[in-house]
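Take a look at the following structure, please.
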């Protein structure tokens, strides 16, 4: 009995292996046709977006993708395929934004992707459509409007963020109080455990809109980072098409419309759209 | 006792583990109704002998006949042979997931294909005889060692074997439980069961045996009726072996000498 | 409390959480079933006396054990596509990877259950005249199954608790849906994460508790 069961096991494993190899064999080789033609042939463009990072990419209560990135994604689908519904949203994470491109799971990633030299070695970035810098939020009663005011004071930051790195490097005279979680850090600011908090200005804007009594005394600080769509390394056809599209869209002030539709409801009226939006792919 | 036919006949048995010879050229016969007790020092090959008889060990030479039929030569269907040989082990080895009754019925019903009702009747009669009828629905873990061993004996008996093999069945028992098990075996001897018993209980051996077989280093050194063997062992080795059990007596002699 | 209820009543939030539960249950159940089947086979290979088979199965077990689930997901979802243009459905890959992992764990449980069985159990089965098949059927397998059940139950609940990792291959299981809801509700409702994660905790409990109860029931039944 044992013997026959062992034989069965061997046969089953062999079959499974054979099946796997067979599937591999039968898989169609990648078509040599142009990347744009492939998308058109498929009748849809696959775009990687965030599902839980409002207001850039998120899924609303009805399960529908929304946000600044999604607004652009729909427009790209419309201009490429004639219908803004011809986009398949693939949910991505910070952890797999590169992988989905490298392994063809998506054609394009629009996931608040900050351009860095390291990342540019693995994926190709298009022209930027948004920018991000540091913002410093403080109580409206005691606003911090200049970095000089922070000397000898405690500033709240999150571990590992651009804000922490920037202040540690450029302003050693500022005492940093570091937290792991965003919510912890903002609670510390509420409790007065620091005179101000520094983080990405896009996040700061969203927070102060929900928390009256705080202001973004400094709304633009540090190195300016740009945010851009990304395509698979070497996918020049799609890269160029998206770049042209971004330039063309700039002519109709598309990204300001995007801002009005998706970011203003979250940031409120006190923020200047120019601190966030890039029009026509030109970083100013 | 009139000369009865041999139930078990072993001729020139050889058993080796790789190069190590455990049993060398051993021959013996057990006749119907006869009780043979095998004694000898640890590692002398007596347990291996029993295991060879019901095919738990392969043999490297010689022949074993059961009721005149060789169970070695040709294609042996061991499951059929074993149905005629009841074996009881030192460590009882009841099946822990079955009740006492289920343990006993498994062989008769599955191996012999007997009816549940008929087999149950017989099993209950045997259980009654060993005083455990009221425990028939208990699980092995609820029984004492002695009780477990009595159930194991019933389990073997219920197959209605031609011969019973007992392999040091009291060796793992607490002293106060040894007796209840030996009494069961004595009862079987009275009823004429053919038995081959390996034991270290010398008093019991003397009481139950028709013949004592003394083994050492894989072969039979001497065999004789119990009275003769225990009073006048012929070989040096048997005398030395028996002396181990005479420790108490030595002390008394010393006291007399004072 | 009112604000908590409003989170779940808004839009399709509750339905979406239930869809997350369904994905979690579907993937865990399929993986456990396949793991049990393959685990039994591989487990029997593991106790084989052939050194090559032993070495191969041992290597499989150890390799899978040291490999984080995320790496396995990467290897079977992203790598084949990256290197050979092979695309498998994300949920299929999830079931495949969990089965690969579950089979290794299960095989080790089977090996443990069989090797921990005293050799005498088989011998006393033989001694009452049972065939090898009958010994396996009436003595070895029933006892092995009893020894296996706690391990299988444990594996099942571990599978359920490991499903959140499949966010990595873009499958929106329960926890990810929860995060999505927390993120859009969190700006308006400070307690959103408390209520949503609390509810998700409760849903995981509902998935795992009946399995634990069943296990306890079997153990009690066999303990009697």
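A, B and C are the chain letters, set down in written order, and residue numbers restart from 1 in every chain.
To be clear about the criterion, a contact is a pair of C-beta atoms (placed from the backbone, for glycine too) under 8 Å apart; a residue touches a chain by one contact, two chains touch by 3 or more.
Computed from a predicted model, the values in this text were never measured in an experiment.
Asks: Pick the chain whose C-alpha centre of mass, unweighted, sits closest to the average of all protein C-alpha coordinates shown.
Replies: Of all chains shown, the one whose C-alpha centroid lies nearest the global centroid is C.
Asks: Based on CA centres, what chain would you say lies at the far end from subunit C?
Replies: Farthest chain from subunit C, going by C-alpha centroids: B.
Asks: How many angstrom between the C-alpha centroids of subunit B and subunit A?
Replies: Computed value for the inter-centroid distance: 80 Å.
Asks: With chain centres taken as the means of their Cα atoms, state the distance from subunit B to subunit C in Å.
Replies: Centre separation, subunit B to subunit C: 49 Å.
Asks: So what's the Cα centroid distance for subunit A and subunit C, whole Å?
Replies: Centre separation, subunit A to subunit C: 33 Å.
Asks: Once bound in the complex, which stretches of subunit C touch subunit A?
Replies: Touch list, subunit C to subunit A: 10-13, 16, 38, 41-42, 44-45, 48, 74, 77-82, 84-87, 132-133, 136-137, 167-170, 172, 176, 179-184, 187-188, 193.
Asks: Going by the contact rule at the top, pick out the subunit C residues touching subunit B in the complex.
Replies: Residues 118, 120-121, 123-131, 134, 138-139, 142-143, 146, 222, 224.
Asks: Which positions of subunit A touch subunit C when the two form their complex?
Replies: Within the complex, subunit A touches subunit C at residues 1-2, 5-6, 8-10, 12-13, 23-24, 27-30, 51-54, 58-63, 90-93, 95-96, 99-100, 102-105, 183, 206, 210, 266.
Asks: List the residues on subunit B that touch subunit C in their complex, please.
Replies: 54-56, 78-80, 82-83, 85-87, 89, 91, 93-97, 106-107, 110-112, 139, 152, 155-156, 159
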